[in-house]
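Read the structure below first, then the notes.
Chain lettering (A, B, C and D) follows the sequence in which the chains are written, and residue indices restart at 1 in each chain.
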Amino acid sequence: GKSSNDSGSSSTTDSKAVKAAIAYDIGGRGDQSFNDAAYAGLKKAEDDLGVKGAEAEPSQGESDADKVARLTSLARAGNNPVIGVGFSYAPAIAKVSKAFPKTTFGLIDDTSVTAPNIANLVFNEEQGSYLAGVAAAKASKTGTVGFIGGVEVPLIKKFEAGFTQGVKDTNPKAKVLTQYLTQPPNFDGFSKPDLGKAAAQGQLDKGADVIYAAAGLAGSGSIEAAATAGKWAIGVDSDQYNQAGLASYKDHILTSVTKDVSDSVYNVIKSVKDGKPQTGEIRYGLATDGVGLADSNPAYVKMTDVTAAVEKAKKDIIDGKITVKTAP
Amino acid sequence: MMKIDKDKLIIGAAGPVLALVTSFVLTVLVLLATGLDPIEPIRLMIENAGYSDVQVLIVNQTGIYYLAALAVAIGFRMNLFNIGVEGQYRLAAMVSALVGAAVDLPGPLHILLIVIVAVATGAIWAGIAGILKTTRGVSEVVSTIMLNAITTSLVAWLILPKNFGVQPAGSNDLTTGQIAESGWFPGIDMGDGGQIYGFTFVALALGVVYWFVLNRTRFGFDLRATGESESAAQASGVDAKKMILTAMLISGGLAGLAGMPILLGESHTYSLAFPVNVGFTAITVALLGRNHPVGILFSALLFAFLDKASSNLDVSGYPKEITQIMQGIIVIAVVVSYELVRRYGTRRQQQKVGEELAAGGAIKTDKEVSA
Amino acid sequence: MSTGTVAKPSAAPKKAGRRKLTWPWILLIVAAGLVLFSLVRVVSGADDLTSVGQISGALQLAVPIAMAGLGGLWAERAGVVNIGLEGMMVLGTWFGAWAGYQWGPWTGVVVGILGGALGGLLHAIITVTFNVNHIVSGVAINILAVGFTQYLSNFTFDKAEGGSSKQSPRIDPITDITIPGLSDWLMDLQQKHWFLISDIAGILGGLVTNLSLLTIVAALLIPATWWILWRTAFGLRLRSCGENPVAAESLGVNVYKYKYIAVVVSGGLAGLGGAFLAIVSTGIYQEGQTGGRGYIGLAAMIFGNWMPGGMALGASLFGFTDSLKLRGGAENVHALLLLVALLLVIAALWQLYKKKYVVAAVSAGFSVAFFLWYFLTDEVPSQFVDAAPYITTLLVLALSAQRLRMPKADGLPYRKGEGK
Amino acid sequence: MNASSPPAVELHGITKRFPGVVANKDIAITVRKGTVHALIGENGAGKSTLMKILYGMQKPDEGTIAVDGDQVTFSSPGDAIARGIGMVHQHFMLADNLTVLENVVLGGEKLYGIGAKARKKIQEISDAYGLGVRPDALLEDLGVADRQRVEILKVLYRGAKILILDEPTAVLVPQEVDALFDNLRELKSEGLTVIFISHKLGEVLKVADDITVIRRGTTVGTADPKTATTKQLAELMVGSELPSPETRESTVTDVAMLTVEGLTLLESGASGAPLTTAAPADPSVTVTVHEEAAAGRKLLDDISLTIHKGEILGIAGVEGNGQTELIEALMGIASPDTGVITLDGDDISKTSVRKRREGGIGYIPEDRHRHGLLLEAPLWENRILGHVTEAPNSKRGILDPKAARKDTERIVREYDVRTPGIDVTASSLSGGNQQKLIVGREMSHNPKFLIAAHPTRGVDVGAQAQIWDAIRDARREGLAVLLISADLDELIGLSDTLRVMYRGKLVADADPATITPEQLGSAMTGAATGRLEGTEEQPEDGDAR
């Protein structure tokens, strides 16, 4: 029989405009986190570059075969690049990239799968987290800080590793309380603010006065808890000080560890449009501002000892004087 | 006795027809109410299902649902509600993947070992609920819900690199390591469409076995009898406790097999991205198929179709959730129409019994007596 | 009837197993439990076990489960099995948030209840009027509720300021109350970490600190349910429909009506649980927010033997262990190991006393294992911390011989005029 | 009674059709105020249906109902109750997990509430009629006689002026029946009207003021209890002679088939957990003996007995005195604490139910719906039930549906099971036909020893005769039978030896040739023990049924 992929083949020819597609991770658009950041990159490309964007969402409990089918149909429809949001796309992209050698595939958060037409978009989350650790150790009065991880997966362990190292390097006597919200494949820990709130409350009760949550949307619960208690919260992924939903707690958001997923998506699309498609590992670290620490909170900027320490650490990392661990 | 019964035919056909019409109408109404084109999504799905790769996806998914639903169904046939198929399936897939990646055996043996480990793991996990029920009276509904959650933790711990898991270089995923090619179950290559998992045929064969065991063996008779009336079965010589335990073990074993099509046919490893929720969907599939192997096949196919054929909806601008609404509506429509048809059928049957009895009895006591 | 000649109108043949717990006994058990707990806390140094924050967190986590459980109880007491609680809860979260962000949290609560009740009504139509297998109907409602709400979000929240297709805009919070002097005093007391006194202070403090008004309403619904079902004519009729609907029918009770009421109320309660999640626990609606709490509620109800008190106990157990694990689980749950080990010792002794040697030996064996685990490690792997609520429940169930007594006609079909 | 006052109940032209069956056909009955009016007729004649119509539980297709002279239409029992009608149903309408008080006030909560006032009222009625009911007892702890009293109390509590009693005596021993009749007379003297249904014609003659006979759904006549005899009534009912369970020529051999020695069963503490979701433990299976003692109570107390080839041993006893447990112990469903059971020389004390059945025990259970049939399975599968391992049902673990079906057809033929085919479900057969199927099934495996518990309970007279014949025939060929029955005439008529069971003990034995139902009845209440000596003179209604 005919394959669904064939249906797109006709459309490849009818326009010369660049068409880009992203295939979302579980959660899809609207998760106010990872997927939404990727969408923002696509949106920006649509607006700035006149690219025509396409999106596809996964369904619950699907297997690699479904991902292969999704990517194939996106590629067949003439989309280039096709970006898989999240490491779970790795096996599927490994297969599909062979079938479409002329299409560039973006793969976020994974370098295990490589090919000339794959751009592995990865981030040094541990570096940004290290800086957060430095800031936390400096800002803490009690000497106890908290880390809340959404789901206990290697990716989030990277955040934990960097943060802990940053704290300990700054103040060896400081205590880091660590708490994960759920275990995979239960991804509630990325989406349930009530879990984040309870965990933060527990850490506050134990004396923590700066809490860093790498827990997606669940992190807003810990920000709420920390703010209500009059303590510091550190945001993640985007600059949460400027997030509309958190406006009432913004004064207590010390800073945020940013991870520029949207930029990475935009860059891949732009590179394809410019005819110089990205390939291989594209690493976003402190040096390239792919990860970093936000400074929109005036209160943070005023704490000069903190910002000085952070700046120094940043420089040391970029210069290679400090190597940040990627696993705790 | 074997003559074709017109009533039976009509009754047999009426259920599905009534159900299909009702669910179609209701779905269209939902779409209309939200201001969407009512026909286009359905057309899109049908068109999508015409493509060979989607068809392969549907067939493969059917096999997975079929196995898991058989696991649920065997419990239901005995009045046991094994909500724990999901956990048994996940744990079995994980453990068997571990073992499969750890050993090196010649082809068939390798596969056999993996399958046996999967069955054993699923059975043991379900057996815990069985033992708790037979020895401590713990409701299997509660214990299997708990075991599902415990599975998550257990798997998460086992798969840590410091325990048994592997984190491939450069990946953020955790896996159990790759199973060597000798442990891959050969599939049927459909060219462009991809591969039909070989294990799908094992699933179908198990459906036949399920039917045979249930309907043609003493054991199956005992099991069904226990499901229909525990007290009558006990009086007939069935050891109810043993039966409960056995049924749980079989159910768990089958649940363990549900992970095999993907593990042996596609992923060759258990990773964080291994499909979840199969066990829960299977409950619906089994109930919709009335716990009958053929019925389950159809309902598994239906669910697989709705799952996979809908993959192009969001690209075309229709919310994917339509399929879930359709699934819900179909289940309700099917069971309600079957019930209505059943009522009609029972009435017919009793009418016949009554008529024959009346005819038989009338001769006996027709003479009038007065006092 | 001249009773003399007839088989003696039997005098009090109460079976041993059903001996009722009297109040002094209950208090004694509670006191003993408290002492044990306090002991564990002091020995392990896990002061969070009975801290104000822990208890208040537990309460908040227990409420949605308890509401689902209460919903299940209403339905099953009237003879209708309700697996659809999860779906009705989902409806509660969605409708609660939808109305809540537009017209205020209390409107949200009411609409959330109505949303759940709508699911209940559907369940009632399918199971009572059409007499379809209750589990099938419940499962279908779960699917339908999830699909329906996710579908609707595309047309509502997605278009709203601050919302998306997966989540609603923020809902104004419901007032929290904290009893000013008392709360602080109890908190201080608790932080002294004295044996027993601090524990009691912590528990009491947790119950009066940051208490949402909706929590109070929800908590009151539990005794209210008991009162309605066991102390009113309405409740008697409702329960009779779950025990022997034909008998009820023969006395002029409109069984259909009571089943309908019960199932709709059941849906409403589950809806309330959902609304609580959206409005109080989180402040927004999110897709998949219920996370299986409907099933846990069902489990809590069975755990509690279809009684409100037992159900509340089950829900509290869940809330408590859930809160423990979320608030620094590794240490807290480690302390729990000691508690379990001690409880197992008690269980073993009890079984020994009852001459059940096998069970006693098994309990003792497990007890030793837990002691070893406790003393040989400093914390429990976070993976297992996560499982603490579930393992605890299984252990409790396995240790206490179950004498479950579900309503006799629960889940059975009933049609008017066809009883024998 | 005042002749000019309108009749309490006047049913006119009542017709009720069920799918395929006309249950009532143009029935007319007039019940005078302040009388006991008996309604008799064979199984399925339509008595219960008629009463359910009068009680508002079923709607008549045609016909009118007048109560105290007023035309009424009832759309639910509530309406009938409001008109002062109360009904005690053929099968108990009680909720096990509710207290007596709750069972009584249910539906009538408006009268006295559900609290103290209601309790006082119940106590009052109970005292007034000597019912001895304890309002706070849990219903499942009560025995059948107590349950019967609760049923009556339910009706009285509502202040019913017209009482319908549908086979209230079926489960009672003679003394209990007498007590019930005393009550009825008392009620009558207070101006209440009673409609009374019974298959025991002797009783009917004793208590009734008027008798109406219905057959095949229609009234065939009335009788005057002062002049009519049971024989006449029987002929009116069935249009033919009544069968008799008499079996006189002895076939007892001196070869012991079953011996039981020192069987003791203690009540276990931790039972009662339902094993599967949908089947809650039914307390009626282990109806308790009413004793003060709690845990460890003896349900079976040192039972010893021997049944020889060709012998029928009858056990008399009020229900709940251990008969059920005895059967379960013999079948292997319950495991006794001590005692030895020997079947044909083999010790079977420890063997499983299945092995015992294979070893030649046949079983006609007391509750055919719970223990004898799969109601929703076809007849041929029901034929397999209990004998799944035996020919012709299976070979080497594999079922042989063809052979089973063929044999089912044979049973249907030989035992005159009225059914349109073997593919209909067991539930669509009438009770009598279900029972015939069970008897046929058990006899088909040539049992050495048959447990027959209430083999003809609620069964049509025609079917009764067939079942008795089947048992007698098998006995002649050397079958040993343990017969348990609440029908004392059946017990006395069929048995070669009689034992009386009381509180888990075999307390007395009797010679069926000389014993009377009354004497047996008094032994059953524990009033007499040891060897019961029967008087030679036949009581006037000794042969009546």
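One rule holds in what follows: a contact is a pair of C-beta atoms (placed from the backbone, for glycine too) under 8 Å apart; a residue touches a chain by one contact, two chains touch by 3 or more.
No experiment lies behind these values; they were computed from the predicted model shown.
Considering every other chain in turn, the ones in contact with both chain A and chain D prove to be B, C. The interface with the greater count of contacting C-beta pairs, when A-B is set against C-D, is C-D. The centroid of the Cα atoms in chain A and the matching centroid in chain C are 37 Å apart. In terms of their C-alpha centroids, the spacing between chain B and chain D amounts to 44 Å. Looking at chain B, residues 81, 137, 139, 141, 152-153, 156 sit in touch with two or more other chains.
Multi-chain contact residues of chain D, defined as those touching 2 or more other chains: 270, 273-274, 277-278. Residue positions 383, 386, 401-404 of chain C each touch two or more of the other chains.
Those chain pairs judged to touch are A-B, A-C, B-C, B-D, C-D.
Listed in rising order, the residues of chain B touching chain A in the complex are 48, 50-57, 60, 90, 152-153, 156, 167-174, 192-194, 262, 266-267, 271-278, 281, 307-308, 310-312, 314-315, 320.
Interface residues of chain D, counted against chain B in their complex, comprise 18-22, 213, 215-216, 220-223, 228, 232, 235-236, 238-240, 270, 273-279, 282, 285, 331, 333, 352-357, 363, 365, 370-377, 381, 384-389, 394, 397-399, 401, 418-425, 428-430, 462. Residues 48, 51-54, 57, 60-61, 158, 162, 164-167, 170, 277, 281-284, 286-289, 291, 323, 326-329, 382-383, 386 of chain C are the ones touching chain A in the complex. Listing the residues of chain C that touch chain D in their complex gives 1-3, 5-18, 231-233, 236-237, 239-240, 243-244, 246-254, 401-408, 410-412, 417, 420.
Chain A makes touch with chain B in their complex at residues 1-7, 54-57, 59-66, 68-70, 72-73, 87-88, 90-91, 109-113, 120, 122, 152-155, 183-186.
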